[in-house]
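Take a look at these structures.
In the two complexes below, subunit A is the common chain; its partner is subunit B in one and subunit C in the other.
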Partner chain A sequence: MTSLKLVEGFMPMQMLFELALCVALFALTSHLLSKSGKAMPRFWQGILFWVFIVSYLKWRVYPPIPFSVRAMYGFVSLIAVFMWVSSNEEDWKKFKQPIMNVLDANTGFHKALRTMFLIAIPIILWGFSYNSFLPNLDEPVELRTVHPAPPASTKVHGKTFVLQTSQNPFRVNPEGKYDQEYTNARIVEQSMGRLMKGDANPWDEKAEGYLKYVREGGEIFFQNCHFCHGDNLNGRGLHAFAFNPIPANFTDPGTIAQLQETFIFWRVSKGGIGLPNEGFPWASVMPPWEQHLTTDEIWKVVLFEYWHTGYYPRTWD
Partner chain B sequence: MGSITRKKTLAVLALSAMIGLLLLPVVAAIPALASGGEAPAAGGPPPDAAKKDGAESEKKVEKARDVYYKTEGIVSGAPAPKTTDGPKDYPRYNFESRVLLWFANQQHLYYGSFVLAVPIFCMVIEFMGVVSKDKAMAKKYDQLAYDFIKISLTAYSLTAILGGILIFTFLTLYPAFFGYLSSIFRPVMHIYALTFVAESGTLYIYYYGWDKMKEGLLKWLHLSMSVILNVIGTVLMFLANSWIGFMMSPAGVDEQGRYLGNIWHVIHTALWNPLNLHRILGNMAFGGGVVAAYAAYRFLSAKNDEERAHYDWMGYIAMSLGVAFLIPLPFAGYWLMREVYAYRQQMGITLMGGLLAWLFIIQATMIGILFLSTNYYLWQALGRMRGGERFQRYIKYFVFILVCGFLVFITPHTMVMTPAELKAMGGQQHPVLGNYGVMSAKNGGINVIITTTVLSFIWYQRGNRMPAVSWAKFGNIFMGVFFFFAYVNIIWLAIYGYFIPANVRVGLSVPQVATTLSTLFFMTALNLSMLKGAKQIGPIEWGKISVRSQYALIMLATAFTWMMGLMGYIRSSVRLFWHVNEIMRDNSPWAYTHTVGFAANMISANVLFFWISIMFVFWLGTLGAKKAPVEVKSPVPGRAPEPAVGH
Partner chain C sequence: MRDLRSKSKWFLVLVALGAIVMVSGSAIVWTSAEAQEGGGVPEGFKKEELPVAPSAEMIEAGKRVYFTKCVWCHGVDGAGDGPAADRLWPRPRNFNQGTFKIRRTASGELPLFDAKKPIPGQNDLFDTVTHGLPGSAMPSWEGILTEEQRLQVLSFVTTQLVKDRKFDDKSSETLTVIQLDSIKPIPSSEESLKKGAELIVDKKCVECHGAEGRGDGNAFNLKDDWGFPIQPANWHKCWNFRGSRQDPYNVKNIFRTFSTGVSGTPMPSFADNTTVEERWHIANFVNSLCERDSKGEPLGIDPLTDKPKINFVMRSGPAEGEISDDPNNEMWQKRERRIVLFGGQITHKPRNFVNRIDDVWVKSLYNDKEIVFLFQWDDRSKSVATEKLPFGPTEVNLDQYVKEQAPKTGEPDSIASQQSKYTVYNDAFAFQFPVKWQELPAPIKPRYLWGDQKYPVDIVKWEANGTVKAFTGTGWDQDFQDRDDFTEKLKVLKQEWKDGRWTLMVSRPLKGDYDEDTKFEMGKYIPTVFFAWDGHNGDAGRKMAVSAFYYTVLEPPIPKETYIYPTLIAVGVVILEGWVLTRRANKKKGKKL
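This part shows the complex of A and B:
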């Protein structure tokens, strides 16, 4: 399995395609087996398919999926198997048959199985009970609100910014006017990796306006932020793993790509300490950067983050 | 003959006069509504006080700006009270007042939704009966519509009782808040009450006049009465919606909450229309679910094949009507959320990305369960018709597509994990599954689910029939290609959504929805025209459906009820510590948001209570029917099995 890698950028669809392929293969195998008169009982087909899905999620997908999500997926898959095996009366009878046999068939084998279950079930229950009584040294699970709702406005260096309407003063076109379209056309491209556009290089000495501000934002980022957020902005900086949770990954489509620029401005300015009540348990060590950077510097860093990740800030028009 | 015509004319006149009288209060109130009504002065000066002298009255004309419409208006009411925690503003029992109000409100809403939805079904089914050329079918439809309204009648009085309890709970536990709200809505408070009277009157005439008005012109009149009934019911609901709309997105008042004299602004708030649409569709889906569960319950407890056949059919009709309204429901919800974001970004983020985001995952799960149950029911229903088995071997592929859509739809953006898992994963977001956690993927997921449901329905329609039209082959190919490209378009747009700005991505939902809806409308229509004069493989054997299908119907209804409770809670708790958003603060000790666990338990308790009480209502219906004199019916030759009467 290690030789078959999930390709970055294609992973979500790749996973679905792999699963679809496996379903097609299973269906074909089942068809061929039944044609040759060696059909696998429906009961075992259902059980094996479910085991396959659970194993796929556990061992194929990397990095490991948290148990809560695997449990959810596993349960839904179980429902899917039930829907399949009970979709018509004949199949349902076939599926139930082995279970009914264990319950009341009068053969030696089934009697032995019944006895085995009689012994095994209490032991399994005992095992679960025993485990639940063992002292647990793991940290408790935290249901964190990653994007708490922002305030209507925020005050930075004595100036009030209304989050709904404020704009990044450096997101400008050559005429110096606020221009989303112009700046969005100059961010890096997202494809296999993130590639800078040839005519939009902030480190070109002649770069002016928006691109110059991106460069300045980049300099501020690499002087202050990259130690935690990483030089690829993926939340894996030098110090990242000293923290729990690790810093935000800006390259993920679920972070800055979902938010307005003013949200990021507010978060950078106020840091972890400025999180509202619903951000409990405030597990963030990000400093309130308004104590170290000017308002302009914060806006430029935000500009750079969007440029570098290739995401567009959310707008509401 | 002449005397009969005269009698009919008189009946028509009498009925028109009665309806006219019922609607008179509403009509009479319209001028007051148009002029904005009288100034609601909660504790404000009496109107004649202002006339003392000219100079003083000049001073009293104070203008202020509408918080939402930004227009200027004359201040005509007192500001929203600034409450304090104590017996004056928040009198209480030794119990959390909010929970009591929650319970009363939820139960009233469940019953209210049910009794508003059922007359719409009745109207549709009665109409189908009237236009049906097959006499036996016409009678069956008529009987079914009558059965429906019969169930809702007992529920109707319960709704009124629960409404009374709700008002008493408000007055007893939240007097300051209720006083303020009723002062703002004073111009329409009595219209609401009178509309209720009109609704009750029309409903009773509609129900008790059923047998007297069963033929000819009178039948059409009876049918048109159901239209009036539904118009009144809808107005009633819109008015009730305006209160919650005002609480979430107030308008027509200034920053202090003072009424500015324009009642239309107070009613027509930013979220009123999306709420109206969402609630109509939601009520219909819910009502369909409840009636389907009733039919399932009667099917499971049926003593003979005849009863089973009738309740199987009733369950199918109710489920179809419910699902017909369930399909557009996510789109109406999407519009509502879009308007919420447009109104206040904070509110939107609190709902979908922040504090309440976990509840949305539960909601997604419930929506998924609704569609899975529907599909499962349709597949089971293939079993009651000869010829249906030819589709059954493909069901496993449908299951796979549905479940893939479902899994994407329910994947949380922020996963629950232990710190050890978080470290192993290397961050809060999973690089593979994290992509399923955002809107673009979820839109794809739900549209795939709905399109597959449409496909299941088309199969069901074809279950025992083979298209016999000359262009059947071409039609099938066209349909296959249409569905294939619908899936491709939906999935492609879901992927493309990651590469474009958010405002464009939000707009992408339009072509996705259009694709899904076009499969629904065009393909169903195409299928029906292909099935004209189709070759019958065998009859539909009503009653010969698996019991699992009936449990699926019960599951469907329970999921509807649970989801309604959940969404109501989400909508209400998004105001956080405000009674009226940004206008009147909640200063009671319960102005905090409950934990997800507590909310889920509370919703479950409400669902449980509703189902126990509605079972009682169903039982009452059965009791009444047993005592009714047995009607002698002459058999119609060659008719379908007579639906068993016994409610």
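This part shows the complex of A and C:
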């Protein structure tokens, strides 16, 4: 079973690959069957294929897709199957032949089948509609804006930071000047595992300047942030399982990689409580870190997050 | 306050003495058991060859992994003292002595590790890094580090950071491996469970793990090899068993841990004083205790969090007449229970990094007057403050009494050494609903932590001294306001602490003063947050465990339309069928003509 497990971070690729493999297998089997003269009727091929798609979506894909979305995919694939079986007149005839046989009921078997269908269809539909009329007590779906528009400036510990012009005071080169090129060259490698570069170890005793600040930021991160955002900054921390929504995943290219450093500084300083309404401030347990950390410490944590995920902060130009 | 302190000091001395007696006592028992065996191989084990040392390249590559990912908890020298260590419990492992928790090797031996063999089930350390240790801060590195990187970092740890022993030293090390794959399990049966239940008493498992296995037996006297207090496992939460990830209901996990012990902790190996058969009976019994659903099937475990799956809707069922105060009454037994998971409150000071309560099971019933909640959660100790508390029940800013941060490891009063030594406060439980939720523009809710000025919340808080009170909350740092009128209408129908589990049943009216008290309406989603305090953990004020937003819904009775419309639809379908058949028949006739 372990080889069949969906591996985090590869799920979309893995699922596409699996689906492609299954379609190929499907085509191969039906080709072999028809070659050996035992071709499967078009009718059953179509149904089997559709059932496979629907059950794959229901049982295999994780986290589970809501029914409404599954119904949509199911409908689209139904249309695809119809297009396939009706691509030419002959195929279409072959496809509908079994249905017509049952409708006409020329043999005893078909007659029995027809009677069964005539009775079963209203009963099944009654059941379905009864279920859909039952009071629905599912979890309500609430969509929140993950990256709401930031304010123009933010005041932290009595100092005003203008988001467009502020810079991380620790993103510096050995001369002490703000330098993105220098620091971006020393972040972890953007490959599997996201490991640090061999010559840029923040834990090196001789580490100075940028790398030393990264280590200090990491120490603060692991004393305060990793409980939720996780040891690998992927939002799978020690307490994360209890939360809804779960904490942000910084390794996801859709989070800090898309944002300016000052945006992160604002979010960290003001926390969930400082979010505008579209960001659901009531549900966020993100602390306003200005209550726990100094501005320098916040900047260092931001520095560490970009170092550890191997992303460049987005710039304004 | 001084009185309380001096008393607890004496208590501590007694506890320490007790611990010393116990530890030395068990040491004597174990050495004699080994002597009797005469160095033979315990039943179910087999001698194996030591692995070859990993290459220098592997070790060098592993250093890079270690200093990117591991150093933050395990420390520069692997002594389990990284920056995060002081706020974690259980603490990160100290590698220096070569003690590792999850092994397939005999007691006292190093775990299996071979840098050339990333095979699950044959490489203990590789499995630990791959799957992490559930119930601790060690995450699963599967999908984050490649297999190669996992082997590299282990090569570094086993050769450079394990300082007291050598994995490939034939003169001092042996490998005696439990043959988990070839030993035939004894399937669980009534007979086996009965034997297991007797054996856990015979083998003194219950002394630490408690009569019901909730880890409440000797919860406050146990220390690990480094002197840090630790607690026995709760058998009812198998998803928190170390070495059980993605397969927590597999009895083999328990069989292995029971056979080999957990190094560095007071959990010994039972290989020498139990037969394989006895071990299976015990494992079957322990496994049978893990929480299951109403049909006795294992709970669904969320593969992304490795915890039971959550449903955020808390249904309250309609009841006819009086609601029973007995959880074993049929009306309660029939109700589905739902799990609510807790995290520590780590938003505002004082934060709770090491929450002891991590879940609660909830059931609810309502009638025309009241709604009753049944809460059941595991807590290793019943904590009721023996002296008058220095703060009132409405106070929430208790930074003066409740400490979140403690000095560093090694210094007195560090967070790790503090465990179990806090001043004892009351165990407590609370739940909150928005006041006037009917007027909230969806999806707005009052803040999860006791509401805010604009949207106040209705809080009902129970404390272990038997009080239950209604408060209004207007913010995380605002003292509660008493709602005396409503408090009078609250009832504690049952409160009981037994063998490590609290059972609490609280009743509240469906409605009260509309402006102050939450009014319940059928079929509506009412945002709910749950809070729990463990008095022995020093929890009070904001130091507590807290849940996410759940929704309480009063299940409405089934309306008539539910029967009428489907019947109409079915009749319509029958007519349609008739039409299709006639049409087909006509068409065919037409063809023949």
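To be clear about the criterion, the second predicted complex is superposed on the first by the 245 of 317 C-alpha atoms of A that agree within 3 Å, B and C clash if a C-alpha of one lies under 4 Å from a C-alpha of the other, contacts with A are read in each partner's own complex, and residues count from 1 in each chain.
The definition used in the following text is that a contact is a pair of C-beta atoms (placed from the backbone, for glycine too) under 8 Å apart; a residue touches a chain by one contact, two chains touch by 3 or more.
Every value quoted in this text rests on a predicted model; they were computed, and no experiment measured them.
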item: Subunit B versus subunit C as contact partner of A:41, first or second or both or neither; value: neither
item: Partner chain(s) touched by A:139 [first = subunit B, second = subunit C, both, neither]; value: both
item: Which of subunit B and subunit C A:174 touches, first, second, both or neither; value: neither
item: Touched partner set for A:236, first subunit B, second subunit C, both or neither; value: both
item: Touched partner set for A:87, first subunit B, second subunit C, both or neither; value: first
item: Touched partner set for A:196, first subunit B, second subunit C, both or neither; value: second
item: Subunit B versus subunit C as contact partner of A:147, first or second or both or neither; value: first
item: Interface residues of subunit A shared between complexes with subunit B and subunit C; value: 6, 8, 63, 138-139, 142, 144, 234, 236, 241, 244
item: Partner subunit B, residues of subunit A touching it in the complex; value: 6, 8, 11-13, 15-16, 19-20, 23, 27, 61, 63-69, 72-73, 76-77, 79-80, 83-84, 86-89, 91-92, 138-139, 141-152, 163-164, 180, 184, 190, 234-236, 241, 244-246, 248-249, 252-255, 257-258, 260, 278, 312-317
item: Subunit A partner contacts - residues on subunit B that touch it in the complex; value: 341-342, 344-347, 349-350, 353-355, 357-358, 368, 372, 375-376, 379-380, 382-383, 389, 392, 395-397, 399-400, 402-404, 406-407, 410-438, 440-441, 495, 498-503, 546, 548, 593, 596
item: Touching residues (chain side subunit C, partner subunit A) in the complex; value: 64-65, 67-69, 71-73, 76, 82-84, 86-88, 120, 137, 139, 141-146, 149, 246, 302-307, 310-313, 315, 341-344, 346-349, 353, 355, 358, 443-449, 452, 523, 525, 546-549, 551, 553, 555-556, 558-559, 561-563, 565-567, 569-571, 573-574, 577, 580-581, 584, 588
item: In the complex, subunit A residues that touch subunit C; value: 2, 5-10, 62-63, 103-104, 118, 121-123, 125-130, 133-135, 137-140, 142, 144, 188, 192-196, 198, 201-203, 218-223, 226-228, 230-232, 234, 236, 238-244, 271-273, 277, 280-283, 285-287, 291-292, 308
